[in-house]
Amino acid sequence: MERLRLVENPVDRLARSVEALLVIASKPLTVGELAAVTEEDEERVETALGLVAGRFREGRSGIVLEHVAGGYAFRAAREAADACARLVERPVQRGLTQAALETLAVVAYLGPVSRPEIARIRGVAADSAVAGLVERGLVSEAGREREGGAVRYEATPLFERVFGLTDRSELPELDELGGDVEELRSRLEDVAARRGA
Amino acid sequence: MERLRLVENPVDRLARSVEALLVIASKPLTVGELAAVTEEDEERVETALGLVAGRFREGRSGIVLEHVAGGYAFRAAREAADACARLVERPVQRGLTQAALETLAVVAYLGPVSRPEIARIRGVAADSAVAGLVERGLVSEAGREREGGAVRYEATPLFERVFGLTDRSELPELDELGGDVEELRSRLEDVAARRGA
Amino acid sequence: MAVAVRELPLDLDAFEGPFDLLLTLVLREELELRDVDVAEVVLAFVESRAERGELDLEACGEFLVLVAALLELKARGLFPDEGLDLEGLDPEEAAEELAERLAAYRRFRAAASWLDERLEAESDRFFRLGAAPLAPVPSRALAQQDPAQLAAALRALAVGSPEPSLRHLVLTYPPLARFLDRFRTLLRSRGRFAFDNEVDRLSRIEQIVAFLALLELRKRGEAQIAQAGPFEPITVWNVSAS
């Protein structure tokens, strides 16, 4: 066994490094990039890629090496396309988390509103919750408070569709919390200040 | 060739589907998830995972199957670590401070737990440490203590993945770690006795 | 390193000796906590660290837990009527609590160093974060949602928790220096101020620390304090200006 190791074809080892790099990369890698990070020359990397391509091809493996415009990357084998489609379309989270819901409620009722303001009302940093809602398209940027001020956010038309509203005036009423947006805002800020620390 | 295909062990095909799913997944997949999207039963998925594990292991492949964070995922082989380190940054684990690690330990063991509770154990406010951990994705919000109460936090699956834990039960027992109340107490009493004498 | 904290030499008005002995005496009620200047203890610690010219995190952590516990005991002493379960904490119980607090902290510190070692051992384990380059793109459709959820979330945020009792109060301590600075500024600029107005919007624990700061200013002769009777407003004024 030890003997076998010693006579291992050195390109095999490089091929394994290439596999490792491709499985952790979040974009296709060029021969030049692979050569740079493996500290090998491009010719040897090409040879290694040949070995990887033989091992990872349709019919032989569920992982397939693909040469695309930007370089090399792994993709799923075509025979597994249905399962892969079910995986990505799987309703990962049909509902919204508590953090997302609270943030969305603040933006929907008080928007346009800045992240610091949302954070003050919720009592915790709002960065990741806001980023998540922006990514889902439920919230979008709506200018700044003033020049050089914080970016403000508002609810989007997609938000209205998802919640079945024609416009913001159809949001459930919160009369008991104050007549208008300003009153609601100052009430929320008061409660948050008292809850603080 | 065509003939060979026909007598192929049906688990081989399922194993290839599992490989395909794992190479496109952005987080570990549980046996249940794999069974659901391949429309197979869990037992057969486990068998297929056994085949995949044999194929993708240290020394044999640059891609390694691991059982982590309650599911299965591919990672790079350890022998390729140097090349990987040259390719990608590791923003999650880089530069975790002592304060961050202590806070993470409290959340991992006691979560869901609020910032005031963490502060009580550590003796200092936990706000910035918690915010940093949320930003890294190691900790996330997990509802509130009660309506209007403090937000609570828990460790994420990414925490288990980064630390290479199959699940939370792999953390050492808290009782076996450090601190012995009796020992501390008798130390305090000792000094007092010496003083009294 | 823990030894260094325990043996931290202190030279206070009310006490001279190692930190560990101070704790013991306080717990045995041989020394009144109200006579102990916690700020001086903190200063002594900071100075001892500065002399070593190195940041010893282990010692800092242990020190912070002990000082926080001391401050909490001191705060409890100032509000003896509140929190039924906290009343009449005898020295035995206090010692037990202090030891338990420190033991709990040490367990988590040990857990933190376990995590640190684990991270080191896993430093050659790389995996991809996020989507694979050639993965199918999900549509991320969100199911239809009920707008009533939004109203409920906002109502919950608008309803304050019930008036906090000390029983639930979990203590974090703003630095005493913050209030010392603020009050000194007020005394310089206005000559006198109403304590209640300054702390009105603060949390209970901030009010406690603010009050400790007030006592500190008086002890140092920087301020005079007057109160017409229990629960009446407290007036503070600058000694030199009066």
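Residue numbering begins at 1 within each chain, and the chains themselves are lettered A, B and C in the order written.
To be clear about the criterion, a residue touches a chain if its C-beta (ideal position, glycine included) is under 8 Å from a C-beta of that chain, and two chains touch if they have at least 3 such contacts.
This one's a predicted model, so the numbers in the text were calculated from it and none came from an experiment.
Ranked by C-beta contact pairs, the top interface belongs to chains B-C. When you average the Cα atoms of each chain and compare centres, the chain farthest from subunit B turns out to be C. Chain closest to the overall centre, judged by the mean of its C-alpha atoms against the mean of all protein C-alpha atoms: B. Averaging Cα coordinates per chain places subunit A and subunit B 19 Å apart. Separating the CA-averaged centres of subunit A and subunit C is a span of 37 Å. Inter-chain centre distance (subunit B to subunit C, centres taken as mean C-alpha positions): 31 Å. Residue positions of subunit A with contacts to 2 or more other chains are 20, 23-25, 74-76, 84, 88, 98, 122, 191, 195.
The multi-chain contact residues of subunit C, meaning those touching 2 or more other chains, are 126-132, 134-136, 156-157, 159-161, 172. By the touch criterion stated above, subunit C contacts subunit B in their complex at residues 6, 18, 20-21, 23-25, 27-28, 57, 61, 64-69, 95-96, 98-100, 102-116, 118-119, 121-132, 134-136, 156-157, 159-161, 170-173. The touching residues of subunit B, counted against subunit C in their complex, run 23-26, 73-76, 78, 80-81, 84-85, 88, 90, 92-93, 96, 98, 101-102, 104-106, 108-109, 114, 116-117, 119-126, 144, 146-149, 158, 161-164, 171-172, 174-175, 177-181, 184-185, 187-189, 191-192, 195. Only residues 13, 15-21, 23-25, 29, 33, 36-39, 61-63, 74-77, 79-80, 83-84, 86-88, 90, 97-99, 122-125, 127-129, 191, 195 of subunit A touch subunit B when the two sit together in their complex. Against subunit A, in their complex, subunit C makes its touches with residues 126-151, 153-161, 172, 174, 201-203, 205-206.
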